[in-house]
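Remarks on the structure that follows.
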Amino acid sequence: MDIPLSRIAEVVEGKIRGDNHKHISGVAPFESATQNDITFADNAKSLKQINKTGAGAVIVPRDLPESSKNLVIVDNVRVAFAKVVTFFYPHSKSTYSISSDGICSNAYIGKNFIRGKDISIAPFVVIQDNVVLGDRVILHPNVVIGDNVIIGNDVEIYPNVTILERCRIGSRVIIHAGTVIGSDGFGFAPDGEKYYKIPQTGIVQIDDDVEIGAGNTIDRATFGKTWIRRGVKTDNLIHIAHNVTIGENSVLVAQVGISGSVTIGKHAILAGQAGVSGHLTIGDDVTIGPQAGVTASVPDGKVVSGSPEMPHRLWLRVQRIIYRLPELKKKLSEIEKRLNKVEEKN
Amino acid sequence: MDIPLSRIAEVVEGKIRGDNHKHISGVAPFESATQNDITFADNAKSLKQINKTGAGAVIVPRDLPESSKNLVIVDNVRVAFAKVVTFFYPHSKSTYSISSDGICSNAYIGKNFIRGKDISIAPFVVIQDNVVLGDRVILHPNVVIGDNVIIGNDVEIYPNVTILERCRIGSRVIIHAGTVIGSDGFGFAPDGEKYYKIPQTGIVQIDDDVEIGAGNTIDRATFGKTWIRRGVKTDNLIHIAHNVTIGENSVLVAQVGISGSVTIGKHAILAGQAGVSGHLTIGDDVTIGPQAGVTASVPDGKVVSGSPEMPHRLWLRVQRIIYRLPELKKKLSEIEKRLNKVEEKN
Amino acid sequence: MDIPLSRIAEVVEGKIRGDNHKHISGVAPFESATQNDITFADNAKSLKQINKTGAGAVIVPRDLPESSKNLVIVDNVRVAFAKVVTFFYPHSKSTYSISSDGICSNAYIGKNFIRGKDISIAPFVVIQDNVVLGDRVILHPNVVIGDNVIIGNDVEIYPNVTILERCRIGSRVIIHAGTVIGSDGFGFAPDGEKYYKIPQTGIVQIDDDVEIGAGNTIDRATFGKTWIRRGVKTDNLIHIAHNVTIGENSVLVAQVGISGSVTIGKHAILAGQAGVSGHLTIGDDVTIGPQAGVTASVPDGKVVSGSPEMPHRLWLRVQRIIYRLPELKKKLSEIEKRLNKVEEKN
C-alpha cells in the first residue's frame, strides 16, 4: 500500500501541517520508523524529540511543538494511531479448504444449528446441539461450542477455546486462544469431612465489544449469570469466578483473579496479578494497583494499592517508610538509650 | 418438575415445619426466589430476614427462628442445598452423533483400548495406545489421553483437557476444560552456562472424588508420582509442580501455585493466589491466606497469612500497624525533638 | 537395561572409585534407590549420609567424603545425573496410526506445506497455509499451527498448543501442553469512554534450545517481535506480554508475569508468581524473588525481593522488623510515656 497523507488524515479525522501529497506505505514505532512510515508522538519526551524520528509523517496532538516534519494533528493521538494501524494492517482471514457454506468438512456440527451469513468454521471445531451463530463469525481450529450457546455477529474465536453450554456471547467479541468460558463455579458444601458439589446451573453472558485474552477461565454462575459487560477488555491468564459482574469498559490486566459474586463498576482498571476477595463491590472508575489484594469494597473513583489494599497515596508513603524500617528501628533503640541516660540523671 | 415438599425432605433427610404438600418446581437464591422455588438460609442475616424471601419453602438449620414460611429443617444447610440443587438440575449428558458403542466416529482410538460400560467419547478426542477407561466415563471434545493412562469409573473430562502418558485417574473425578495433567516437571541441571533437561520419568496420580478446575497445570514427578489425594478440589489456573502431594479433602482456590516436592496435609485450605515454596510440609487442617507466600513448613491446624507468611493473628496486628506507619514515623520524629530539648535542659 | 558402571562413567564423563563391573539397571532418588539403581549426592547432607542410601552406585563431586559405595566422580553432579536419567529413560515417541510420510490421515494440512525428514503429525493437528517444519518435528494431538509459521529441527509440541500466524520457533524447542504462542498483545487506545483495539502486527520469535511450560501465554509484538532467546526455560502458567525480550538461558518459574516491552538479560532467574511492570530493563544474572513486584529497572547481578522490590538483603532485614512491628509500636508508646514523665519533672 502506498497512501497519500491526505487519505490518512481522513481516516484519523486529522489536519495536516506539511505535505498533503507525501506518500506513506506503513506504520512503525517512533525509534525505527523510516521515510515511508507514519508514526506517532503523544508524550512530552517524544514530542520534544520529534525531529529525531526518521518517519515521513507523525501523528501529534493539537498542542504540538514546532517541527519541520509532516504532521497529522488529531484530538486523540493513540486512537488515531490505532485507526491508522488498522487501516494499514487489516485483519486477514485464514483460508481453510472450506466448502461454499463456510464450514470445513472436518468440523463437527450438532443438531439444529442456526447460522448467519459468511461464517467460517475451521477444521476440528465442535458445535454441539442447538447452537446459534450470527453473521461473519469466525471459529478457529479446535474450538468447542457447547449445547445451546448463542453467539452474535462479527465474533472471532481463536484456537482451542472452549465455550460451554448455554453461555451467550454478544457481537464484535474476540476470544483469544486457550480460554475457557462457562466452566463450573467453585461451589462446594462442606459436611465437616468432605465436600458436596453444588451444581452450577447458571451461565456466562459476554456482551458486545468485549475482548477476552488467552488462557482465561470464566466460570458460570451458580444461579443466574456471570456477566462481562460491554467493552470489557481482559488480558491473559485471568480468572473470573461464578456470579461476578464486570462493568462496561473495565480493563483487567494479566493474571488478575476475581473471586465469586464480586461486582465491578464501569471504567475500572485492575493492574496485573491483583486479586479481589469474594462478594465485594468495586465502584466505577476505580484503579487497583498491581499485585493488590482487595479485601473490602472500594467506592467510585478510588485508587488503591497494596495487599491488603489501602488508598494509593497512603500506600506510597507507607512503602517509602517500609524501605527505611531498619533505620527507624535503629533510631528507636538510640532514643531509648538516650532516654535511659536522661532518666538516670533525673 | 413439580415436587411436593415431603419428597424434598426425603432427599435432604430433613423435617418439615409447614405444608407437606406444598409443590416446588425449582431452586433459587434467597433474594430472587419465588413461590415455586425452594431456597436456603444459614447465616444470621438471612435467618433474621427469613420472612422477606419470596420462596415457597426455606431450608434452615435446627436452631431456626420463628417463621410462617414452610421450612425444611436439616443438620447441614449447605449440604442439603447442594443435594436439592442436584435433584432439580441433574447433569445432562451431551448427545453427540455417536454410535451404539458410545464412541464418536471422528474420535481417534489407539491400540489396545480397554473400556467399561456406557462410555461417551466425543468428536476429535484422541485416545492413544493401551488406555483403560472405566464405566460411564465421559470424554468431551478435543480431550487427549496419552499412552497407558488408566481412568476409573464415572469420570467426566471437559473439552481441550490433556492427560499425558501413564497418569492415573481414580473414580468420580471431574476435570474442567483446558487443564493439563502430566506435563514435565520443571527440572534442569545448570552447568554454569546453560541448562540440561532432567527427564521427568514419574506420573501424576489423581485419586477418587477429586475435582480439578479449568486451566490447571499439574506436572508429573521426576521419579515416582505427583499425588492428588481423595476428595481434593482445585479452582482455576492452579499450578502444581512435580512430586507434590495434596492431602485428602484439601481445597486450593484459584491461581494458587505449589512448588516442587511440597507435601500438603488433609483438609487444608489455600486461598486464592497463595504460593508455597519448594520442599515444605504443610500440615493437616492448615489455612493459608490469599496471596500468602509460604516460605517455611506449617504445622497442623495453623492459620497463616502474608508474604512471607506469619501466624494469622500476628498478621492482622501487623497490617493494622502498617497502615499507620506514616503516623508512627511522625511520632518518632516528635519524640526525638522532645528528647533533644530535654537533653539540652539537662 | 542392565549397564556396567564403566559405561555409565563414559556417559557422564566421570571416574569410578569402586567396582567398574557393577551392573546398574535404573536411576532412583537417594532415599528409595536399591542395589540395581544409581543415584546422586551433591549437598552436604546427602554426602554425609552417603553410606545410608541403598543405591548400587552414587554420582558424587570431586571433593567427596570417604565411602565404601561404588562412586562415579564428576565435575557437575546434577548435569551428570540429568545425563544418566536421559540415558536410562530415552524419550519414547508415540505410535499413532500414521502413514509412511509421518502424517496422520486425520490431521489437517494447509497449502504449501514444506517439511523436513522424519516428522510426526498426530491426529487432529491443524497446519494452516505456508508452514515450514524442520526435521524430526513432533506435533502431538490437537496442536494448531497458524499460517506462515516456521519451525526448526527436533522440536516437540505437546497437545492442545496453539502457535499463531507468522511466529518463528527455533530448533530443539519443547512446548508443553495448552500453551499459546502469538496471541494478540494487550494494546488498546482509550478515547475516554471506550477502547480502540491497536492491531498487533508483530510476531513471537523463540530461539533454539528453549523449553516453554504448560499453559503459558506469550503475546505477539505490536510491531517487531516478542523474543524468547536461546536456552530460556519457562515453567507453567507464565504470561509474557507484547514486545518483551527474555535473554539467553534465563529461567522463569511458575505463574510469573512480564508486562509489555520489558527486556530481561541473560541468566536471570525470576521466582514463582513474580511480576515485572512494563518497559523496564532487568539486567544479566539478576535474581528476582518469589511474588516480587518489580517496579523499576534492575542492574546486572542484583538480587531483589518484595513488592515493590528492594535489594534482597534489605528485604531480609525489613521482613524481620515487620514481624516485630507490634512490639516496636508498644515500645514507642512506652518511650512516649517515659518521656512525658521526664518532661513533667523538668
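Order of writing sets the labels: A, B and C. Residues in every chain begin at 1.
Assume a residue touches a chain if its C-beta (ideal position, glycine included) is under 8 Å from a C-beta of that chain, and two chains touch if they have at least 3 such contacts.
Treat the numbers as computed from the prediction; the structure is a model and nothing was measured.
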{"item": "Cα superposition of chain A on its sequence copy chain B - rotation in ° rounded to nearest 5", "value": "120"}
{"item": "Chain copies touching (chain A, chain C) - same or different residues, decided at half shared", "value": "different"}
{"item": "For chain A paired with chain C, centre-to-centre distance based on mean C-alpha positions, whole Å", "value": "26"}
{"item": "Chain C: positions in contact with at least two other chains", "value": "106, 124, 142, 160, 178, 215, 237, 255, 273, 291, 307, 322, 332, 335, 339, 342, 346"}
{"item": "Complex contacts: residues of chain B adjacent to chain A", "value": "27-29, 32, 76, 78-79, 81-83, 85-86, 89, 91, 94-97, 104, 106, 122-124, 140-142, 158-160, 174, 176-178, 209, 211, 213-215, 231, 233, 235-237, 249, 251, 253-255, 272-273, 290-291, 307, 319, 322-323, 325-326, 329, 332, 335-336, 339, 342-343, 346"}
{"item": "Chain A-touching residues of chain C, taken from the complex the two chains share", "value": "106, 108, 110-111, 124, 126, 128-129, 142, 144, 146-147, 160, 162, 164-165, 178-180, 183-184, 186-199, 201, 215-217, 219, 222-224, 237, 239, 241, 255, 257, 259, 273, 275, 277, 291, 293, 295, 307-308, 310, 314, 317-318, 321-322, 328, 331-332, 335, 338-339, 342, 345-346"}
